[in-house]
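Got a structure for you, questions after.
Just so it is clear, A, B and C label the chains in written order, and each chain counts residues from 1 on its own.
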Amino acid sequence: MTRIRFQQSLDELKENLLVMAGLAEQAIQRAIEAYRVRDLSICDLVSRSENAINRLEREIDQSALDLLAMEQPMAIDLRFILSVIKINADLERVGDAAKSISDRVRNMEQMAVAELPVDIPRMATLATEMVRKSLQSFIEADAELARSVLTMDDAVDAINRAAYKALTKVMEEQSHIAPQAFNALMISRSLERVADHATNIAEDVIFWVQGDDVRHFKSVEKDGKKKSQPST
Amino acid sequence: MGVGIEVKNLNAWYGSNHTLQDITLNIPANHATALIGPSGCGKSTFVRCLNRMHETNPIARATGTVRIGDLDIYEDAKPVQIRRRVGMVFQRPNPFPTMSIYDNVASGLKLNGYSNRRAMDEIVEKSLKNSALWDEVKDDLKKKSGASLSGGQQQRLCIARALAVDPEVLLMDEPASALDPVSTSKIEDLIFQLKSQYTIVIVTHNMQQAARVAEKTGFFLNGRLVEFDATHKIFTNPSDKRTEDYITGRFG
Amino acid sequence: MSSDTFRLRTRMRAVTDDAVTVLAILATVLVIAPLVAIFAYLLYKGASSLNLAFFTKIPKPVGETGGGMANAIIGSGVLLAIASILGVPIGIGGGIFLAEFGRGTKLANAVRFTADVLNGVPSIVMGMAIYVLIVKPHIAWLPFTGHFSAFAGGVALGIMMVPTVCRTTEEMLLMVPHAVREAALGLGIPNWRSVLSITVKTASPGIITGCMLAFARVAGETAPLIFTAFGNNFWSVSPNNAIEALPLQIYVYALSPYDEWHRLAWAGSLVLIVLIVLAVALVRWVTSRGVLKGAS
């Protein structure tokens, strides 16, 4: 087999990205756990892992740049490295979202627990499921699995829109729990972002494996039904 | 102006060696088309079939149709006539060693019976300008021999010599493989400019070069044409696994 | 290995190097020495006899002093001119055929074989053959036949030139790189034109050398001229008459019993060698002027 060293470099790049992915997944899960049990020590863990995530992002980008310059990758190798660079950025943003959620949790520490018309745990489950699946599709280079992630985004968007409506109503009508509602709204938005990043990762996997650019293809009508499918 | 080349079921043999098997493709006019493939895949043989140069080898033969423009080059014309319409530039620069720069460029004209002095001067100047060599040699046209130039200059001299007979097609067999990066870049820029006037077919080992100059690329393997498509598609998302293995450098 | 062994081996290598260099110089000296010796001896023996008369007068009758070999010098010139006119075109043409048009054919093999055999024919046999073919038969309508003549001598010498010129031309043409031929063919130049105007021209320095080698060889030939040119003590430049030649006259004079003629023979030998060297140098000079500056 020729170009063994190059193949090893590509494998190493994949490994490092998966380490990064692990940290980002863990950060989100911790942030949601912190929200669920209102435990500030978990928030500290999230803050610390933020540094590791940022450092890894720089290293992975540098490795990818070096491979592009030195090895003149073509076709599938080129698409792979390009995808790694983009997934790298999305994972870093997932880390940022986790930090954002944990900051909200800190904020809510002093506030009373309030009944809010929004199912944060369900959103969280969906979002983390999307992240899990998109990363799985990357590990296994499975474009079909990646496509299944694309369809889940609508559900998360729907919950976020509903949350926005409900929580702004709460902020107007029940001003004594307005702060809690506001924080919940922010958390909902962060989770919606996480879902978006998972969608991006899935799209990048499809580009890498099949060479199809499926971004921005879906359009959704006002009643939430999908208008067109992504092309195969 | 360049013309398109239509190839149908081209087969070629060297003795009993079936070098080209059933090649069919259309090379577009006024474009550069690159042919890539590992050593011995037949791409050089293919190109030499386009101007019947493979016939200079006594044990070579070919069957099939090659149309250049509307001319069937095997049925309707003699090799000598074809080669005046289809020029060739070789891998190693090969200027005529006993001739001056001027005589080298004019050799295709002079030795084919052309005698109009004034017109020849103009053609020599135009060809040297078209091959980006004029400025470097205009003062030494008749004083310096063709062999006294540097490698990159010699190759551009060979290009000028080929252009002087006003061909419609220019075949280039790894024209920059013996040259340094600077000379290579000059040749590539040249090909870019020449595209608008001629149809160019370039055989190259260097895939980045194919990517830089050619709109379409053909991948040859073991005497067959495996894939022929737009260059950017071949290099970002080829349809055939064999093409992908070749361009990513993965074998075995 | 230890550093002592290493140093010993290095020194041995250096010594061997020097020894071989000395042997090579010795060999060169051994080769050149006879040449130098001959030339020096000729100078010694012949230079004193060189005067204006030698170059301008024909031989005097036996017993008289003075006189020269002017007619022999001119005669050699005429013979070599005829020989070259005959031998060079045929030789070059044959060489071109062997290299360019007949590669691998049975005819080419036959031609090559014939040339090699011809090369080996003893010069006296060549002279006898021409005697039988041209000098002896009385054919009324064929000129030059039936008597000794410069023409017959020139033919004999010319035929002797052919194998050398032919083989050298073939070798030189084969040395022209294939790339040059391909370049010409790629331009749509017909094969015959490419061969003549490009391949032959590229090989011309070597071809000319081949001609000069042949020329120098036949310039000193004596045996074939005995039965063909025969010799002539008087002025003669006509191809139809017997003619004198320098080597021929040297031969005759050297075998004679007269001291005066011996003297002239030595001088003639010296002049012969010098003229050959001058002729070769002249051709070299003339052809080098035609080669462009900077060509490798």
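Here is the rule we go by: a residue touches a chain if its C-beta (ideal position, glycine included) is under 8 Å from a C-beta of that chain, and two chains touch if they have at least 3 such contacts.
This one's a predicted model, so the numbers in the text were calculated from it and none came from an experiment.
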Distance-to-centre winner among chains (Cα means, whole assembly as reference): B
Reference subunit B; chain at largest CA-centroid distance: A
Whole-Å gap separating subunit A and subunit B, where each centre is the average of the chain's CA atoms: 52
Chain centre separation (subunit A, subunit C; CA means) in Å: 93
Where subunit B and subunit C are represented by their mean Cα positions, the distance between them in whole Å: 47
Subunit A-touching residues of subunit B, taken from the complex the two chains share: 207-208, 235-238, 244, 247-252
In the complex, subunit C residues that touch subunit B: 104, 177, 179-180, 182-190, 193-194, 197-198, 201-202, 204, 291-296
Residue numbers on subunit A that touch subunit B, as the complex places them: 1-3, 6-7, 72-79, 211
Partner subunit C, residues of subunit B touching it in the complex: 51, 53, 56, 58, 80-85, 87-88, 90, 92, 94-98, 100, 107-108, 111-112, 143-145, 147-148, 158, 161-162, 165
